[in-house]
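Sharing a structure with you now.
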Amino acid sequence: MALTREQMAQRIAQELEDGFYVNLGIGIPTLVANYVPDDIEVMLQSENGLLGMGQFPTEDEIDADMINAGKQTVTALKGASIMDSADSFAMIRGGHIDLTVLGAFEVDVNGNIASWMIPGKLVKGMGGAMDLVAGAENIIVTMTHASKSGESKLLQECTLPLTGAGCIRRILTDLAYLEIENGAFVLKERAPGVSVDEIVAKTAGELVVPDHVPEMNIPA
Amino acid sequence: MSGFDKRVSSYEEALQGLEDGMTLLAGGFGLCGIPENLITEIKRKGTRDLTVVSNNCGVDGFGLGLLLEDRQIRKMIASYVGENALFEKQLLNGDLEVELTPQGNLAERLRAGGAGIPAFFTATGYGTPVAEGKEVRDFNGRPHILEPAITGDFAIVKGWKADTYGNVIYRHTARNFNPLAAMAAKVTVVEVEEIVEPGMLDPDAIHTPGIYVNRLICGTFEKRIEQRTVRS
Amino acid sequence: MSGFDKRVSSYEEALQGLEDGMTLLAGGFGLCGIPENLITEIKRKGTRDLTVVSNNCGVDGFGLGLLLEDRQIRKMIASYVGENALFEKQLLNGDLEVELTPQGNLAERLRAGGAGIPAFFTATGYGTPVAEGKEVRDFNGRPHILEPAITGDFAIVKGWKADTYGNVIYRHTARNFNPLAAMAAKVTVVEVEEIVEPGMLDPDAIHTPGIYVNRLICGTFEKRIEQRTVRS
Amino acid sequence: MALTREQMAQRIAQELEDGFYVNLGIGIPTLVANYVPDDIEVMLQSENGLLGMGQFPTEDEIDADMINAGKQTVTALKGASIMDSADSFAMIRGGHIDLTVLGAFEVDVNGNIASWMIPGKLVKGMGGAMDLVAGAENIIVTMTHASKSGESKLLQECTLPLTGAGCIRRILTDLAYLEIENGAFVLKERAPGVSVDEIVAKTAGELVVPDHVPEMNIPA
């Protein structure tokens, strides 16, 4: 069965390591924070200028001057630091973030990513997405494998305007975990109960399927 | 040091010299840390054909959104816009021009403008529509694009505390683009919640040194919240 | 958050992995804000053929001057050197190579290295020996040269206070190049006068966020003064 | 008579305006701080990262962490701010300093300045001098008009390696105040008792001498 949004977040959380500085995009990536393993600690960076983002505030704690990149009210952890936007993106663009998780419309076999603009629809802007994909050493893209109408989002070549070129190596979809190697998607893991055939059918870009494709380890 | 007392006595005086067609740099991220009262004064003043550099353009009826109502903005340089319907309408009508720039590039371009760096190379935006017409060069085996600095005629900035010399401290994530806008304009106007005497702020903790501040005024702020999220 | 506790238990551990031939970024201006004990440990360790990036090279018998005694420095990138006789001797002997870079370019190149900006244009140095072999381009009617970023294998940094997560505050003008060196190295080692628990430092007043700090150690410092000037 | 060092500083101090942010180089420029007119205030910037430099400390006030660009112990004024070296030079290179005063070996009619290196002598470095000349909107160079052996320092073309190209407009020597216009020195003021002939004789670069060259106003 395809992974739920929560299960996708659970799988991504397995990539976290103790001491990681992590930037989580809006949507499924945000959920990853709920599944940090008990025995490790990570620190969340919010690109508007907060390193060490905490939980949402209580009613009493709400502070208009303390928000995250999604413009939501948040709190700061003990040991947090706050910086201006240039210093915040220096962290991101300088490659100091250990893991960045973000959504996408499309990814292709050359590591290109499209996530911000659908021609014909109103363009609202890229925000920090282009900086995040260009700067993070280690990016995981997470999205459904195919659109609701069944069209693959893993392409030979992105059709939408790019957010970044040649910068993606790792993708988690609701069906599979894949890595990009030598201009092809390599199928590394299947969602529990999802067949290789289904993944093959829903992957438009070149796909390398190893002899053995293990199932993901998703806790019940 | 009378020459260093940056205080002005009214918002009208604070924005004296802001004229039609000028480039205005505005601090703030979403509605957080925006110079509310300076924006209101620009609306009252009716300055038109402004090029506004700001990460966002407010919402309907608040923040920079107020300047859309009378079409005071001709061009917007921003990373994310369209949190309000009026913006969308003016954009589709062709009444408003938008230059989208990645958030990190926007921040760095403002800093560069303030720091006397006319252009810098960055990987951000390579291979995307942002790179169109820009020079591409490889460094460390990766392609980068050349981005120009941004400077402005006026900057409107929201601080927390300042001393009379214009040394400013920001509060929490309301800092965002404010110190960068402050660096990059010919005339920088800062509104704050409290003005104190010189010597009351720790010299080691100043975010914007007074050298960047031309005019200073104390105001009261609504601080509207865009996404009020709480935990149970 | 054990993963964020940057403390190490000895200077030896602090500099583990520093090897011959590496590039070392050092904070400090003159003898102010220099990582005294980390320098002493490098002398003890005997690491050789270092390229050292620092505004100055200490004095005879103190600061980076200590590393000249056993010829541990192969190349110095600095803005002003030669406050000591040994430096001069090694330079004239050809034992030591020097790349002089203007102080502002040095600072900005380190920041660029940390911020992922591989190169930037600056007016500083145009028309001078510093510009030799560098690209020249006009911006705003003035010629500028293209300067590359600087990065290092290790940075040695002197802070004042830090929390265990490596958030650092510097004291007065001992800040100087320290936050810039901290940004630009693969492994950044910070020594401070006091380590406190997370939450004890104001998040709005952190100079170097812990993300840049790999190792943290508490030391005692001589803080030698180069020019002791007093008023009567 | 040629101006003393103190008189040179006095003359430069006349260029100060209330509210000026000023960077003073080592030597004669430093003396300018002693002659700030009583009715104005200026703030001194020290390029190692101090805006609002105060007097030298008393013995009790000495603090190894508070020095100026000359590595001397100093104090900070109330209302001072301290910044890292990149932020300090952002002020300088960004043109935010109102007046920079520095010394030189040579200046030429094209506004070139040489001040840091004499070939054959050991090169110790330019420090912040190249940044200061490239960044300051408003620079005054101060030096003796000629060397001790009588050779002019105001040249048609600098002979020493440059500190900056085309960036100098105003020069105060012990004999004269001059400005550079259209590729020539223009004699604006004479030191009290110094003849135009002496200045002409000691100026190697093209010199424009107006019909009337007033004497400087130097208080006794």
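We just call them A, B, C and D in the order they show up, numbering each chain from 1.
One rule holds in what follows: contacts are C-beta pairs under 8 Å (C-beta built on N, C-alpha and C of every residue); 3 or more make two chains touch, one makes a residue touch a chain.
Not measured: the values here are computed from a predicted model.
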Moving only between chains that touch, what is the shortest number of steps from subunit B to subunit D? 1
CA centre of subunit B versus CA centre of subunit C: separation in Å? 33
Which integer distance in Å separates the CA centroid of subunit C from that of subunit D? 29
Subunit A and subunit C: spacing of chain centres that average the CA atoms, whole Å: 35
Among subunit D residues, those touching two or more other chains are 76, 82-83, 86, 89-90, 92-93, 134-135
Flagged in subunit C as touching 2+ other chains are 108, 111, 115-117, 122-123, 170-172, 175, 203-204
Touching pairs here come out as A-B, A-C, B-C, B-D, C-D
So in the complex, which bits of subunit A are touching subunit B? 46-50, 55-59, 62-68, 70-74, 76, 82-86, 88-89, 92-93, 112, 117, 122-131, 134-135, 161-166
Under the touch definition given earlier, write down the residues of subunit A that touch subunit C in their complex. 17-21, 40-43, 45, 51-52, 76-83, 86, 89-97, 135
Along subunit B, where are the residues that touch subunit A in the complex? 29-33, 55, 78-82, 88, 91-92, 98, 100, 102-108, 110-111, 122-130, 143, 160, 170-180, 207, 223-231
So in the complex, the part of subunit C that touches subunit A is made up of which residues? 1-4, 111, 113-117, 163-165, 167, 183, 197-199, 203-204, 206, 209-212
Subunit B - residues contacting subunit C, complex: 108, 112, 115-123, 139-140, 144, 169-172, 175, 202-205, 207
